[in-house]
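Here come two complexes built around chain A, the first alongside chain B, the second alongside chain C.
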Partner chain A sequence: MSGFLKIAIRNLLKGPVTDPYPFGKTFIPEKLRGKLKVDASICTACGTCQEVCPSGAIYIKKENDVYVHTTWYNTCCFCGNCEFFCPTGAIKLTNDFHTANTKEEKFKFVTIAAISEKECPVCGNKFVPATLPLIEKSYPHINDEIKNLMKLCPECRKKAAFERLYQ
Partner chain B sequence: MSIITRSPFLFRINTGSCNGCDVELATTAMIPRYDVERLGCRYTGSPKHADILLVTGPITARSKSYLVEVLDELPNPFVVVAVGTCPTSCGIFRDSYAIEGPLDKYVQVDVNVPGCPPRPQAIIDGVAKALEIWKQKIRNQK
Partner chain C sequence: MSKITKIPIGPFHIGLEEPIYFKIDIEGESVKNVDMINGFVHRGIEYLAMQKNFFQNLILTERVCSLCSNNHPFTYVMAVEKIANIKPTKRALYLRVVADEVKRVASHMFNLSMLAHLVGFHTLMTQTMEAREIVQDIKESIWGNRMDMSANTLTGVKYDVDKEQIDYILKRLKELEPQVDEIMDVYFNNKIVKARTKGVGVLPYEDALRLGVTGPTARGSGVMNDVRIKAPYAAYDELKPKIIIEKDGDVYSRTKVRWREVKDSIRLIRLALKNLPQGKVVLQKRPHIPAGEAVSRSEAPRGELIYYLKTNGLQKPERMRWRVPTYMNWESLRVMIPGNKLTDVAVIFNSIDPCISCTER
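Moving on to the complex of A and B:
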């Protein structure tokens, strides 16, 4: 009898178990796979995410000098492949789970990131430069020489690297 | 302005779902933690009583006839909620020979809740939106 009373009093003190959402706050796990967040300053528009996406939710299109990275959530299965395979770590899944949308919003329910091309200081061609997180993966020590080569377009970089060899 | 005196009934149909979304639906409805009945709606066993239809699954060729049957039996006005990525756009099952979806082909879908599966909180969000649309539809009808 005393055991029962203990449990009854404990339950009374604890309050209702019902989650107060949508009228109040709710518990969200930190590692929950929700909407994407693309860091346009790190992304190199390589297209790996578009390739590995099993449901074809990611689409990268070039418009003038800008690569537009579009993710449509109404076909995304939140598997996290894009985050896993992203070579630069630009894509991160947030724990934002609010996905309910009405029929008017169906095709507008996207996140868009714009990756702009940069101009080569030597020849003036436009290209998307490699970013620091990508270079950090390939080289153990990064000096100013590598950082200067990063700014050149692939053709000029080739020339500069060969010139360095024969000096 | 008229006051709606009746509460909506929910009906769910599984059209070849993997049961992930069904488990989440059962969680929203059956256990006290997420309790969808707080919003003033209840599950029903018959589509003839239903006001809000919840569809899970990518509509396989086998289950298509049952879905069409249910859609015929629904009383007007009704609201359709697509629960999960599958009925919304077929997701990863798109272009399969066994899939007759997405749900848009058969009926006007009012609320989409993508996710694989969506969180119970997201389903509650979707049902709340569906309730608003259902009230609007009844007002328009009168």
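Moving on to the complex of A and C:
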């Protein structure tokens, strides 16, 4: 019994171990998996996150010229699969864990990112261009030529790349 | 002339941690016979696993059970890797062991604090939980969640540790170890704990062999069946866990096995972090999975976990089935409970570290 008495006295001197959150500070680690942040300028709307999401919280829908990337937090289980499998690194999980919401907010409690289509300077077709982080994975040295080809739509790019070989 | 009284406990009872229905026949104060009925938390996860692709199943298998949540995806990825014939890097295997042992410490300490709660020693329970909070902090800081670490992925692990994070884990373990030693001493020598656990719920060696029990339940009865030692997987052949066995087969010896395993797990985490090889943590994020079938097994905190997986070359498993340790262990309750007092039923039930939600999935 004396063993526990020692612990009890030490605990008395140490004071409470609970944090006075939300009135005071609490321990929030950097790597805590919380709400998502989607960088629309890097995202290519490839749909990998939608495919790997185990709970079906991510939904990508095309509206006119814009791909709308929606994450619904009432289904999200904060597993981090989307962040891990994202080929461009557009999805990052922040350490924001504040997910309490009222019933009225249920369907509005989402993160939305809009990925807009670009116009091809040659033919005028709309398309989602590959972004720099994605190209960096495929090509070790990115020169201006590659950057110019990125602006073209797949059809025009094929043509331009083919013509380059024979001219 | 004595009269037999029938007493139902459960499925939802304050003394039970998980839903299971006991039909107990008592004579006077001692239990004569016990019958168990289960099936209260069936969620259809086996069928659900066949509707999801291999990457979604990494998370779904983790949600089967909260306390051994790392072992389920761990065994699942081992089965997938066996089919695809992929060998992860040494670094990935070591990191898998680190995640697994951290989970084992947390799981064992949770069960042991529940034991203190059931014997009525609540200050000891809070103290054990308080020490366990250090492990929870490690999990939250390195993997990002207190329970579901999401550490494993096909062909490797999802996380990597740098120098700073290794130092953080080692610093927190240094804090944890003296606390574990202190609390362990109370569990081993305290009068109240000893009175409620010694000689209670005895599972003799012969019965342990006959029923094929696994994990600390078997090792408490002197049966050595640690998968980490018998059939080493991941990096366990190099790290060499200690053989931990107690002979008596009562609740007390199972408690002892768990505490000694906590100590050994802390040693293994330190050893794995010290000898951490260099290299990539993941080979191929989305590998092709050919048709085939495989069986893999690992040592979960509760015992041996077996996964069977059959694929047909598509993105979803054709059949996935798993056998969890509690399925083997709870039959031993029929041997352990009769002859004990009614008040000890909850203590004995807790001593097999039951996980009904993974048994019924």
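The rule is short, and it goes like this: the second predicted complex is superposed on the first by the 151 of 167 C-alpha atoms of A that agree within 3 Å, B and C clash if a C-alpha of one lies under 4 Å from a C-alpha of the other, contacts with A are read in each partner's own complex, and residues count from 1 in each chain.
As a working rule, a residue touches a chain if its C-beta (ideal position, glycine included) is under 8 Å from a C-beta of that chain, and two chains touch if they have at least 3 such contacts.
Since we're looking at a predicted model, the values are computed, not measured.
Peer 1: For A:Pro54, select first, second, both or neither according to whether it touches chain B, chain C, the two together, or no partner.
Peer 2: In the superposed model, A:Pro54 contacts both chain B and chain C.
Peer 1: State whether A:Ile7 touches chain B only (first), chain C only (second), both chains, or neither.
Peer 2: second
Peer 1: Please work out whether A:Thr99 is in contact with chain B alone, chain C alone, both, or neither, and reply first, second, both or neither.
Peer 2: So A:Thr99 only meets chain B here.
Peer 1: Look at A:Lys31 in the shared chain and tell me whether it touches chain B only, chain C only, both, or neither; answer first, second, both or neither.
Peer 2: Second partner only.
Peer 1: Please work out whether A:Val17 is in contact with chain B alone, chain C alone, both, or neither, and reply first, second, both or neither.
Peer 2: Both partners.
Peer 1: Tell me which partner A:Cys79 touches in the superposition: chain B (first), chain C (second), both or neither.
Peer 2: Both partners.
Peer 1: Which residues of chain A are in contact with chain B in one complex and with chain C in the other?
Peer 2: Chain A residues touching both partners: 17, 32, 54-55, 77-79.
Peer 1: Applying the document's contact rule, which stretches of chain A touch chain B when the two form their complex?
Peer 2: Residues in contact with chain B: 16-19, 21-22, 26, 32, 54-56, 73-79, 97-103, 106, 109.
Peer 1: Which of the residues in chain A end up touching chain C in this complex?
Peer 2: Checking each residue of chain A against chain C gives 1, 3-4, 6-8, 11, 17, 27, 29-33, 51-55, 77-81, 84-85, 93.
Peer 1: Contact residues on chain C for chain A in the complex?
Peer 2: My answer: residues 52-53, 55-60, 62-63, 123-124, 127, 130, 133, 137, 140-145, 148, 150, 153, 158, 182-183, 185-186, 189-191, 285-286.
Peer 1: Sort out for me which residues of chain B touch chain A in the complex.
Peer 2: Within the complex, chain B touches chain A at residues 32-35, 38, 85, 88-92, 94, 108-116, 118-119, 121-126, 128-129, 133.
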